[in-house]
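For reference, chains read A, B, C, D, E and F in written order, and residue numbers begin at 1 within each chain.
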Amino acid sequence: MESHALDPSLPGVRQLQDWIRERTPLQLQLIDGTALGGCLYWQDPEFLALKTSPEAPLLLMGRRAVALIRPLG
Amino acid sequence: MESHALDPSLPGVRQLQDWIRERTPLQLQLIDGTALGGCLYWQDPEFLALKTSPEAPLLLMGRRAVALIRPLG
Amino acid sequence: MESHALDPSLPGVRQLQDWIRERTPLQLQLIDGTALGGCLYWQDPEFLALKTSPEAPLLLMGRRAVALIRPLG
Amino acid sequence: MESHALDPSLPGVRQLQDWIRERTPLQLQLIDGTALGGCLYWQDPEFLALKTSPEAPLLLMGRRAVALIRPLG
Amino acid sequence: MESHALDPSLPGVRQLQDWIRERTPLQLQLIDGTALGGCLYWQDPEFLALKTSPEAPLLLMGRRAVALIRPLG
Amino acid sequence: MESHALDPSLPGVRQLQDWIRERTPLQLQLIDGTALGGCLYWQDPEFLALKTSPEAPLLLMGRRAVALIRPLG
C-alpha cells in the first residue's frame, strides 16, 4: 500500500479533484487494457473510486494500474 | 514487500474494511486480467485475503496486482 | 501515489519540460502497448498530461505506465 | 530490491509462514499468468522460494510478480 | 518518479555508463515485449535516453519498463 | 532506480550469490513471459547480469521484471 498522503499541490491530484467535484464522465484505461467509463467519487493514494452509473456501487481501481484517464464527450 | 502499516484514515482502506466486515460479495480483477469472485477476510499492506466460497481455503492476492474491485449483485 | 517532487536537475525531467515548452508532437507508448500521439502540457511525479489535439481535453497518463516517448516527424 | 525486513505482525507474512512450516501444497500465479504448483520453503522481502517437488531444486519467484496464491486440494 | 540519485558504485549503473560512453549498439526489450535497437546517450533514475540512429531524435525509455538490455553484434 | 544496497542477510540475495559463484545454469523468466537460459555474473539492486554462453556479452535483466528463476538440469 502507498501510505504517502496525497499532495494537493500536484496538478494531477488537482485535475482528478476537479473531475471528482464536477462528476466529469471519464474513460479510465488500466494497464491490462481494460477500459471503464464512469465518474470519480474520491481518490486516495492507493485507489480511485468510480461509479459506472449514479446508482451503481462504488468500485475501486488500483492507482498503480491506471494507464490513461480521459474525459468523455 | 510493502512494510508500511495500513492507514485507516484512507477511504480505500476503509472501503475494503467495510467489505470485509459485511462479507460483501466482490469481483476482483488482477492486472493480468484474471477475475475472481468471493469475499474478503482481511487486508494487510501486501495482500488481500479472499475466499471464493465460505468453505474454501483463504487465498492471497497481491495488492499491487489488483486492478479493479467491484461489488457483485 | 509518488509524492516525491520532480527534480529539475534530472535530464529526463528537463527533456520532458523542453517537449512541454515547445509543444513537440510526440508518440507515447504505454506498457500495455497502447500508443498515443499528442503534445504534453505538464508533468508531475505521478502523471503526464497530454492533448491529442489542441482542442481536445487534457488526459492523464500514469508515469509508471510509460514505456517509451518519442518525438514525431 | 526491497530491503525492508519482513514484518511478522502482518497476516500475509504469517499466512505464508504457516504454509512454509506445514509445507502446504499451493498454486502460485504470477502476473503474467504463469501458474506453478509446489510448496514454499522460505520467504524474504523480494522472493518466495518454491519447490515444485521435494527433490526439485529451489526456485525463486519475485514477490512483486505474485498475483495469487491458493492452497491446493 | 524515482527521485533517488544514480549510485555510480552499482555495477548496473557503471555497465550502462560504459555502453553510453562507447555508444555500444544495444537491443533494449521492454516488459510489454517491445524491442528497440540503438545507442544510449544518458541515463537518469527514471529514464534511459536512446537514439535508434545517430540522426534520430532522442527518445525516453522508462527505466521501470526495461526487461532486458543486450549488446548487439 | 532502486538505490537501496543489497542486504546479504536475505536468503534471496544469498541464493543468487550462490548461483553466481557456482555459475549454476539457470532459466530466468521475465514478467512478459520471455525466458532466457544462462549463468549469472553479478547482481545489484536494479539488475541481474547474465551471459547466455561464456563467450556472449553480459546482458542486464531488470530485477523488477523477474518473475521466476530456476536452476536447469
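Just so it is clear, a contact is a pair of C-beta atoms (placed from the backbone, for glycine too) under 8 Å apart; a residue touches a chain by one contact, two chains touch by 3 or more.
In this text, all values refer to a predicted model and were calculated from it rather than measured experimentally.
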Subject >> Graph separation of chain A and chain C (steps between touching chains) >> reply: 1
Original post:
Hey, what chains does chain C share as contacts with chain E?
Top reply: none
Original post:
Where the centre means the average of the CA atoms, what chain is farthest from chain C?
Top reply: D
Original post:
Does the chain E and chain F pair touch with the same residues on each side or with different residues, judged by whether over half of the numbers are shared?
Top reply: different
Original post:
Taking each chain's centre as the mean of its Cα atoms, which chain lies farthest from chain F?
Top reply: A
Original post:
When the CA atoms of chain D are placed over those of chain F, what is the turn angle between 0 and 180 degrees, to the nearest 5?
Top reply: 60
Original post:
Using mean CA coordinates as chain centres, what's the chain B-chain E distance in Å?
Top reply: 37
**OP:** Could you tell me the distance, in whole angstrom, between the mean C-alpha positions of chain A and chain B?
**Re:** 18
Subject >> Distance between the centres, which are taken as Cα means, of chain E and chain D, whole angstrom >> reply: 32
Original post:
Can you list the chain F residues in contact with two or more other chains?
Top reply: 2, 30-33, 45-46, 64
**OP:** Draw the chains as points, connect those that touch, then say whether the picture is a line, ring, star, complete or other.
**Re:** ring
**OP:** Please report the chains around the ring in sequence, anchored at chain D, with chain F in second place.
**Re:** D, F, E, C, A, B
Subject >> chain D partner contacts - residues on chain B that touch it in the complex >> reply: 1-3, 30-34, 36, 42, 44-47, 49, 57-62, 64-65
Subject >> Of chain B, residues touching chain A in the complex >> reply: 2, 4-7, 10-13, 15-16, 29-33, 45-46, 63-64, 66-71
